[in-house]
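Quick heads-up: structures coming right below.
In what comes next, subunit A is part of two complexes: it sits with subunit B in the first one and with subunit C in the second one.
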Partner chain A sequence: MKNKMRVLWLSAIACNGNTHAFLNYPYMEQFLDDFEFIYHPVIDSEYSLEDIVSKEIPCDILLIEGAISKEFQRADVSVVDIIEKYSKIVQKIVTVGTCATFGGIFRESGYEETSGMHFDQDKPSQKFQDLIDKTISVSGCPVHPEVLVNTLYAIKKNAALKLDNFLRPKEFYAYTIHNGCTRNEYFEYKVDNHQFGKLEGCMFYDHGCQAPFTHGSCNKILWNEINSKTRAGLSCMGCTEPTFPRQNLFSTKKNMAIPENLPVGVGKRVYLTLAGISKAFKIDRLEKKLIDD
Partner chain B sequence: MLDKKQLKKEQIMQSALELFASKGFYSTTIPDIALSLKMSVGNMYNYFKSKDVLAREIIKYISEYLGKKLREINEEDISTKEKTRKIIEEYFKTASLKPEMIDYFLRIYLSNREVFKDGCEGMICVNEFVTEIMIYFEEGVKCKDLREQDFFSAFGLFMGYLGGMVFLKGENVLPKDLNDYVDDITFNIYKALSTE
Partner chain C sequence: MIKLIEKIEGEAKLNFNFKDNKIDFVDIEFMSTRNIENILRGKNAFDALVINPRVCGICGHAHLIATVQALEDCYDNLELSNKAKIIRELTLNFELIQNHFKWYYLTMLPLFGHKQQVLKATFPSQLMGKAIALFGGQYPHTSYAIVGGVVCEITEIDIIKLQHYIAQTIKFVEDNLVKTDSENFLTCKDADVLLDYEGDLPDILRQIKKEELLEYGKSYDRFISFGENSYFKKGKSLKTKVSHNISVEHVKESEMPSSFAKNVSFKDKYYEVGPLARAMVNKTPLIADAHKKYGDSIFSRILARVCEISQLLEHSKKLIKDLDLSEESYIEPSIDISQLNSSGYSAVEAARGTLIHKVEIENGIIKNYEIITPTQWNLSGGTKDKLGVSQKAMIGLSDIKTAELVFKSFDVCSVCTTH
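On to the complex of A and B.
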């Protein structure tokens, strides 16, 4: 019989968005040929949640979805206790999604001291210090299923993943969502002129798009293999970042015309110099619809 | 070698600026500028291929000069009100010590757009200066000293006011020295821009 990796998917304080996004993984059959869930909230598995909390079931990878609080229980046991028990026997722990990584939306859940596993937004958390070396974070609201699956395959193949300061694989998070955006022509010439749902215009200047300062691969590894938010006409909401969710997601916060958040690694003077040059030219082609019927 | 050439270019620009201020832009020719520097006309063209090219380089030179001064102010750890005052003082200081620079900006750059239409589109040639003004505004709004508003309504208020005062000084209309107006102008500009 094939040697499958045994995976425990544990939901903490979560909306199960990552679970549902994962179900859209297009090669699930192959995945389940290589991995086996000892427990998963919606996929049939060998053990019940009661088995998981009352016994110690052999397991290779612990996946945690949702924000974590000592107060929050699954099958009458604190998720912190479940994590501590299984973390001792697994090879790797993966925080799946932004809530498990940074706290995310459920950081506001009302449970005492709710945060991500190793980070409370961007601040390192004192909890689970001894597990940092075992942990990989794949943030996102929800996480891109291919990012999760490819991370699991890297663990299975013992491939060394380089991680960023938030324990995220650089392979997927060293880029920004801006990388691969089909609207880059409009970004270059500072043409916003966007209407939600339409294909023209850059959404960074007025419509709140966070792609130039959000780490991830949404425009390199497309969702459902066909699309991304920005391609479909919606601004990037910065869902992979510790700052998620921000307020006023559909308008760009500016201070006297200068966006408060600039593209990653671009200094203010550099940005303004380039912006000044771009704005000096009016590119008629980009001011109107490309296919105008 | 490059530095020596750059130095010579700056000498030419400075002489040109002085001649433009005294004789006027259109009445000053490349041979006039060459003569003032005891250079041959042919050699002048090694540095600037035409008077229009020289004109565009001069406005960039002025913008870099003022931009550098404003950057020093922007990088100081002082309140927005103090920065406002220092920018006004610096602008008037330049108008007193290097009147030809501000004169060129107001009377030549802003009044002869046909000379600058190719190569100085928008604010490209005054980029360093405008960038520092933008940063002054942006940081002022960020720390809540200044009110959020359209950049140009603030820029026009600030620079239009200062340019107007220097223009009046140049016309010998002002009864007092420019520096005597710094207190009132600082009060007026800050009051107009601030959240107070």
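On to the complex of A and C.
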């Protein structure tokens, strides 16, 4: 019998979006050969939730989905107590998705002191301070299944993962969502006439796209192996970041006609200068229909 | 006796009262809520398109479609292309299909003593996820349907890819679920004939018959379905009498003292929603026959849900033929949302039944938002004198294991209910 890594999937204040994103992992057979869930929200497990909360079941990795509040219970036990019990025995803790990492949408659900495990939005939280060295965050609303699964394999292999300031593996979060977007040229050459429902155009200028300042690999590894929101024509909503969800998600906040949020590391003055120059290009290919008659 | 029912996208607590070794009453309790309706208040109306899919990880797309339709209902004379309507209907179909596969192979099979079949759940549901992602960029949690249409422009090559996902899914059904040409399954009008086929569905149906479970799960035999589209009809069915003249006005939500979930009734009566309700209102011959023979039992309820997979795949093929790619995907509304003071509602058929969204907007800001989910209909917890649908279905059973089977035959979604 192969030595499988034992994983506890614990949902806190969640929508189960990460659970179902995970079910889209294409090589599930292989995964289930290498890992075993002692509890999972939909996959059958040897133990029930009642077993999990009442006993201490041997476990290697604790996965947490959903925002965390002491007040929120599973099977009549506070999720904080469940986390504390298992975090002592596991090798690693993985906060799965943006709620578990930063608080996300359900940070606002009205429970006492709701936040992510180590961060309340971008502010460090003191609650689980002693567990910070054990934790890896894979943010996203939901998490990308490959990001989650490959992080679990890295833990299994004891591979050294370099993490960013929010404990996210740089392998996935050093990129921006903008990397690999099929609409990049409209951004590069400042062709700013995007309309929804078209293959052409970039949503950064008017429609709230956060891809140039959001970290993740959506356009590098693609969703469901085939597409991404920005490729389809929907703005990046910045769902991997501590600020998710911002307000007015479908429109770009501007000051003096310049987007308030610029690409990571780009200053306003330089952006303005460069935009002016880029606009001098008149690229016929980008001014008309991409697939024309 | 209290039993925690797990793996229903969360949990519910069922408190069973026995009398003469039979279940006499069941109290259903949901232990939490996430206050999505409060989260929405004060936000820009369009932001609901991003927040609401996060009501639920397994049927979030239905929440997106319900949101966009409720917002569109706030406008007068909003223009929507036929193409956008068809695309929305397609992606919603695909979500229903992926849900039914997961329910059957992950939830139902183990309740009949079989091993859970994770790969049989994930393979076809991943194909349906791809089909949604083709339009929406990703699944789950896209917001691709916006007021005025959809964000994507679709090409002929996309349609070819889509047809492949559908064909592959149909092949999966024919190789596993009901081992025959889908045409035979779809034209079959006799539920007993279906028992002669091979496949994962007939296996369970035969088991229900063999183990004499045919009487289990019967409730009021009263069904309702509000979400209308090119496939589903709006209406209610009492036994077999169908009327289409119903209005959302008569749907009422009420607080329950013991649970975070709210009760839902129509004209003060509890109704079953979901695939069986839709099939009764649509008068689908195979399901009507099952109902005639076995009533609103688990047999009919399970059959109706699985049967919808093939029906919706077939219907989606037809819808694709009606797509005119030269039409606009999106038509910008003539009024900016910030100038709108209005209210609207929508009713769509989600995997588990009728989903209703109601919104009030003031200068483009959400003043009030109400969500009524399918599980609220089926799991409304009534009193002994006035039982909810699933409560009634469990009365008289002699053990909790069977009660759990009956309960889960409604495809319970805890996260939706605890929105």
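Heads up, the rule we're going with is that the second predicted complex is superposed on the first by the 291 of 293 C-alpha atoms of A that agree within 3 Å, B and C clash if a C-alpha of one lies under 4 Å from a C-alpha of the other, contacts with A are read in each partner's own complex, and residues count from 1 in each chain.
By definition in this document, a residue touches a chain if its C-beta (ideal position, glycine included) is under 8 Å from a C-beta of that chain, and two chains touch if they have at least 3 such contacts.
Just so we're clear, the structure is a prediction, and the values are computed from it rather than from any experiment.
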item	value
Partner contacting more residues of subunit A (subunit B vs subunit C)	C
Partner chain in contact with A:Ala257 - subunit B first, subunit C second, else both or neither	first
Partner chain in contact with A:Gly276 - subunit B first, subunit C second, else both or neither	first
Touched partner set for A:Ile89, first subunit B, second subunit C, both or neither	neither
Contacts of A:Ala159 with subunit B and subunit C, given as first, second, both or neither	neither
Touching partner for A:Asn16 - first (subunit B), second (subunit C), both, neither	second
Partner chain(s) touched by A:Asp44 [first = subunit B, second = subunit C, both, neither]	second
Partner chain in contact with A:Lys198 - subunit B first, subunit C second, else both or neither	second
Contacts of A:Val266 with subunit B and subunit C, given as first, second, both or neither	neither
In the complex, subunit A residues that touch subunit C	11, 13-21, 23-26, 28-29, 32, 41-44, 48-50, 72-76, 105-106, 108-110, 141-142, 195-199, 218, 223-234, 237, 239, 245, 247-250, 291
Subunit B-touching residues of subunit A, taken from the complex the two chains share	254-258, 260, 268-269, 272-273, 276-277, 279-281
For the subunit B and subunit A complex, residues of the former touching the latter	121-124, 127-128, 130-131, 134-135, 137-142, 146, 148-151, 154
Contacting residues of subunit C [partner subunit A, same complex]	4, 6-7, 9-11, 31-36, 38-39, 43-44, 46-47, 49-51, 53-58, 60, 84, 102, 106-107, 110, 116, 118-119, 121-122, 125-126, 129-130, 132-144, 146, 148-153, 155, 161, 328-330, 332, 415
